[in-house]
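Structures follow.
Below are two complexes that have chain A in common, paired first with chain B and then with chain C.
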Partner chain A sequence: MLINEQKHDNIDIVVLSGRFVMADSPEVRERLKVLIDEGQGKLVVDMSQVSFIDSSACAVLISAFKGMQLKPGRLLLVTSPVVQSLIELTRLHTIFEILPNLPAALDALSTS
Partner chain B sequence: MTSADKPACIMLKASSEAANISLLSEALHALCLYASGSVACALDMQRAVVEALNNVVEHAYGNQPDHDISVCWYLENRQLRIEIIDCGQSMSFLPEPVLPDFDAEGGRGWWIINACVNDYDYKVIDSVNREYVLRPGDRNDNIRSASIEAHSNILTLIKQF
Partner chain C sequence: MDVIILADRKGQELLPLTDNTCIPLLPLAGKPVLEHTLEALIEAGFRQAHIVLSPHAEQVKEAFGNGERWGMRLTYSTSRGEEAPLQILASLQNPPTPPFLIMRGDIVRSGSLKSLLEQAENNPSPCMQALFGTKKGFVMLCRNPQSAELNQLNWAGSTQQPTGIELNGAVALLDSLAAFHQANLDAAAGRLPLLIPGRQTALGLTQGRNTEVYPQSVKQGIALIGAYCNLHPSVELSGEVVIGDHVIVDRRAGIENTVILPHSYIGELVELRNAIVRGNDLIRVDNGAVLKISDTFLLADLTTSPINKGLGTLYNRLAGVLLLLVSLPLWFLANVLVFLQKPEKYFNEYRLRGNKIEQDDFGLPQRAGFATWEYNVTVPVLRYLPRLFAVISGDLRLVGALPVSPETAAQRTEEWEKFADRAPAGLLGPTQLTIPADAPEEEKLMSDSFYWANFSIQQDFRYLLQALRMLVSRKAWIG
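Right, the complex of A and B next:
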């Protein structure tokens, strides 16, 4: 998978594309941890280009969510239909903040 | 299907590395999509297969590479059947397909498998092979015997379309 980090004002953005599965989980987990530890408590994980996701990836997102809660800060997700359907299957949409696209997520964090 | 009585079958083999899970699951996704013509059916099977293969790599083989994983794909009428075979640590029970607490990072794999297929079961097949070794000049009372124990774990996933 491809991992691209961006910055928009004080908002960290991680754009993931391709398959987000167990083989990729350690690297994504570490990159998100660094951004949460060193960032300003505003993080968007953009998975609109992710073509497949598994439970290992869900574990990484939960870890990031918990890390951001402790900071404290705000983590927003942008999902593709495949990602969204697995998040809903595992009921995680009840705890994650999910926005329809990156501009909407940036707007939400800019005004918070 | 190859004949009226025999299901179509394709076997894939890979070593127990996490990177191979995507290769296997993409191949199986393509087979399921071709056979069923259903994007949803193929995605469900791929999700179940990936969770099952994750378990094999992580738990049966303890993230040790270079162990064998075999996957057999069958098409029988309007039913897809996938067998995932390993020779690693066997499970003594099938975990209940229940969701963990929201903040738990693990424990969602069997929930996903259960949700994505119509049926599944897990078999452990034991076998004992006794090997007798005779060297030139050995007498009968010098025959050494060796007992080799092996087993296979087979998770079968079934999906109708």
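Right, the complex of A and C next:
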């Protein structure tokens, strides 16, 4: 899986692509933790290019969500249809703020 | 014209009816709440709609699919629940093209949408809401997707004075159990005019297909009875009564001003008045009492518990006995190891939550805890051997989610946490086999959640085979 970090004003963006599975979880968990700890409380995880996620990947997202709540800050997800389906299947859509694309997510964080 | 249906109410105000489903799927006068909104749209000539869901979204999608059955094209998205309409519109993949119709699908209204459209056509306001008397209709024709007036559709409440176009009709907000009860009775009696399924077979009696009911059962008033019901000839119905599909009412039961939800059994001589019955839940709307009836001769739930899904209980227990016999050499090995490693303490005892259902002090069903123990050794496959007894006793299934302590289970309060919690606990499973013991709690929870979301018997057999293969792996013996 590819992990690409970007910055847009004071918003941190993590763009993930490929398969996000257990083997990738430790690295993504660590990088999200650093961004949450050192960032300005505005983070977008763009998974529009992610083709598959498993339970450990969802667990990483939950950890990041909890970390951002403690900061406190706002974590937005951008999902691909596959990721969205799995998130809905496991009811995670009831906690995550999900935007249809990166510009919409940046717009939402810029105005908040 | 684009149509957006907001159906993302969390439904806390209708608990316990919404503990396993959501408001759009609650049956109201024989149909799911959302279906009444779809029918109103069809009547007004709409053939497509986008529905925003939150709790139990997958159930709604399964029930309504792509809308073909209604001659509509339905698409879906989700929200975190009761989000502000402006926020929801901003998060849509395909935002609606103005002017568009936006409405709540988790309430019920009668009245013609055509009238709203006709009257709104000549009105220059950015958003025009339908009003039924002084009540908001929660349906709006909108020309500006950024208009603050959209907040009037916010379920969480808007302080704005409702303005809009007055329509003939009625609206039922379903904002309490009493309101849900009344809406059902109003629909049956025609005070809330909706399209009601079934045919009138006698004065005051409307019944669905394959239902057995005698007209003389309706003593006075109105009865709306669903499909596949069986009412004994001696049953007495009075006042206004709404009975859902697949309901059995036994001899000499008396039912007055009551709503009975599908798959319920009403026992012999039972008297119901001013109540909602859902399975063995009895909700009195006049005094607010919510009771779980444990005596199945009185009320019973005719649906099966999801805990019983999968390999049958008997097969599980037999497999537990078989495994115990096969594992006898391992027990010997465990005893030798523990004698060498920790002769001062052979076992650790603890309590886990199993699959047996018991009633708590308030008569509510809950999964019972059970005492178990593990060998005080480092070898995983030996340490958990004693859990085989829990499989034999029926506390655990052979394959299932990771068993947790009652205290851990009590901390799971969010909907996504409770979803994983519905999975039956097992000796083996994806979490036990693949997730390291020291992994974060949410990782184990998500693993169980995925297991339950993709549950199948075939999958259980795959985990059994995986467990057998792992028996000779390093992980099973070293950890």
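Simple rule for what comes next: the second predicted complex is superposed on the first by the 112 of 112 C-alpha atoms of A that agree within 3 Å, B and C clash if a C-alpha of one lies under 4 Å from a C-alpha of the other, contacts with A are read in each partner's own complex, and residues count from 1 in each chain.
Here is the rule we use: a contact is a pair of C-beta atoms (placed from the backbone, for glycine too) under 8 Å apart; a residue touches a chain by one contact, two chains touch by 3 or more.
Every value quoted in this text rests on a predicted model; they were computed, and no experiment measured them.
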- Item | First (chain B), second (chain C), both or neither touched by A:82 | first
- Is A:104 touching the first partner chain B, the second partner chain C, both, or neither of them? second
- Look at the residues of chain A and decide whether chain B or chain C touches more of them. C
- Which partner does A:52 reach: the first (chain B), the second (chain C), both, or neither? first
- Go through the superposed model and pick first if A:63 touches only chain B, second if only chain C, both, or neither. both
- Item | First, second, both or neither for A:94, with chain B first and chain C second | both
- Task: Once the structures are superposed on A, label A:19 by its partner contacts, choosing first (chain B), second (chain C), both or neither.
- Result: first
- Item | Set intersection of chain A contacts, chain C complex versus chain B complex | 22, 54-56, 58-59, 62-63, 66, 86, 89-92, 94-95
- Per the touch rule above, chain A residues touching chain B in the complex are 19, 21-23, 52, 54-56, 58-59, 62-63, 66, 82, 86, 89-92, 94-95
- Enumerate the contact residues on chain C facing chain A in the complex. 54-55, 57-58, 78-81, 90-93, 414-416, 419-420, 430, 434-435, 439-440, 442-443, 445-447, 449-450, 453
- Taking the complex as given, what residues does chain B use to touch chain A? 18-19, 21-22, 25, 43, 46-47, 50-51, 54, 57-58, 99, 102-106, 108-109, 111-112, 115
- Given the complex, residues on chain A that touch chain C span 22, 25, 54-56, 58-59, 62-63, 66, 86, 88-101, 104, 107-108
